[in-house]
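First the structure, which I've put down as structure tokens, then a few questions once you've had a look.
Just so it is clear, A, B and C label the chains in written order, and each chain counts residues from 1 on its own.
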């Protein structure tokens, strides 16, 4: 416990100091890392804790993104109603899709979450007049916090994202350690026993699914603020696959793992795509390598190494 | 609950699997605080009977009544909430969680606490104290921080019973609690079952005739999905039909 | 009237094309529980390989056979060397096939470039026929014939041969099939190869109908996924009827509500899911 507190303190210190010493470009990557870390942690609640893998998690990320963009472009720039709307849309989307997807399990569940996310993608891609189609909606300004700080300043924006990330992490950490979080783990470990104990297993899966969707929505909203742009690709399978890779690369059921996974993937993608012309092949190879060689993720590898060291 | 109300009633239950009757018109009733053993050779329908009572499987015909309430169409978790608990023939635990976490999940199962998501579960004193008490009482205190997957089979078998007891049931179904245990372990588990609160109705499936005769006041014999005999241990011991079934099936 | 007939015919032919993909996807899922996301990439690769073969030899038939054979071999390699190592683990399998999308589509982009191309139709089927007042391109008739032949062959394979009996046994209960001394791993490899063969065949047929361009594989994969979800995973009949349904919905959607065209496919899918999660012909 002590050691992990120390590590957390060091990481936090780095996160606070770093934006002042690195170039603006790297700071941009840091912002992306933090935003996608929230996204990856949200999927971890569903996949790692509740045991529900999803191929369509970008649905809630993108739906909240479009909500934020449309509100800013057409209705208001006030942050607070935008936040409420994004959370509402993500929760509603997850509540609806969860009803359909949770009728099934295993490979069916994967396929159905993918298909449902494609429904939204199809809408965003084809409904040009409303969503901008392939080009998406550009020119989304940053919202007004109604506080004496402006998000147009890049340093302020970084800290705005950092604080949102910290709040989300704290809430999710509390969640996975709470009695409710324990019940989610119980559902993952043994649904039959949970039923025998008196838990409504379906309801717990459903709630886990919705909570994951809501936090994905938070990330999706921030992502639009950062990019100033939203498009169908934000709800595509590529995005869903990317966040899955982050969670698995880092280690499922750990929350720390997905944060690391987000960091690794954002920086790797950036490095590889700027150095290698055929970078999609390398990205594909990374997916394949992670599945074959690091299925428990980096955190899992670290744990088994430290266990071996401890014994030796 | 009115006086004399049966805690559990099984009324002409039939369970059909694709043309084969695993249970065929079985009727059973139980008294409060009764100790009942269900015996019978493999494939007699004992576990199917438990699955129908607890709601894992819906019966093809007949009904299940719990404390005077028809629960035949109630999902499993709602029946548990009425005071029904069970163990499984094959260990059905949470392998990656510690023993304490396993027990805590059972303790909080029927409280409002299970929906609390903003405070660590260890912060709830009433919850942790109940867990500690159960772990101490069942001699599992030293193992409290071990993961279930790291436990010996015999200890896992005990955790099965602890989880069921942690929900404070009024009717407890034990599916071969001593299956696969050594003689010494069997003696420990048998003694622990014997000590349970006498007001709880306990139904156990047992392969080991000695254990069944030792624990139960009444014994029901199932054979090919039908009830073929019921009575006191003495009556069952001397029942020629039962002897024939068991000798015929090559069991002791 | 002629307009409606033409649209219906176009929808049905596109459905036949979809069937070639959906049949393999459904077979692989039913047998191995693999959601093969790379199926669309096999389709695209088949189309591009056929382009090269037909440019070299000038023969459409050689292009079909060559492309399908190469892709089937590729399927064998991927199944043997990669998927086999994560057998029965749904999520790793899916991620693996997802990784292969990147690799295969980028190789295609590398070798054949990004400019949309259309495969040359075989000379015999380049014209069109006049049937009952509408003009029907004979290539579309060829697609219908090929689709029907494949459907018949698969049906015969499934219901008339020993292999079919083994497939059905494996779908129902893999352990039982193993217990009967059936070599399911080898079975899996052959069936995966068959699925890839059909995908590539679809690619060749589609390459001359809708053309190939980066992302075409994934586009059609999504439609094929909808087919198997609607029809029922692992069901040949479901894949056939589902393909025709989705083909029609796609065609009429595009013609009548261009802005909501994908939605006209996905909305019925969501309804089927809500009412019957295992699909119209799927078993629980």
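By our rule, a contact is a pair of C-beta atoms (placed from the backbone, for glycine too) under 8 Å apart; a residue touches a chain by one contact, two chains touch by 3 or more.
Please read these numbers as outputs of a predicted model, since none were measured by experiment.
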Target chain B, source chain A, minimum contact steps: 1
Middle chain, criterion being Cα centroid separation: A
Most remote chain, CA-based centroid, reference being chain B: C
Euclidean distance of C-alpha centroids - chain A vs chain B, Å: 42
Centre-to-centre distance between chain C and chain A (centres being mean Cα positions), rounded to whole Å: 32
Separation of chain B from chain C, taking each centre as the mean of its C-alpha atoms, in whole Å: 50
Of all residues in chain C, the ones touching two or more other chains: none
Contact footprint of chain B on chain A as seen in their complex: 171, 174-175, 177-183, 185-186, 189-190, 192-201
Complex contacts: residues of chain A adjacent to chain C: 47, 53, 55, 99-100, 103-104, 106-108, 110-112, 114-116, 118-119, 121-123, 125-129, 237, 241, 244-245, 248, 278, 280-281, 283-288, 290-292, 295
Residue ranges of chain B touching chain A (in the complex, touch as defined): 54-56, 75-77, 80-81, 85-86, 88, 92-97, 101, 104-106, 108-110, 113-122, 124, 127, 163-164, 167
Contact set on chain C toward chain A in their complex: 29, 33-35, 37, 82, 85-86, 90-92, 94-96, 98-107, 109-110, 218, 222, 225-226, 228-229, 233, 258-263, 265-267, 269-270, 273-274, 277-278
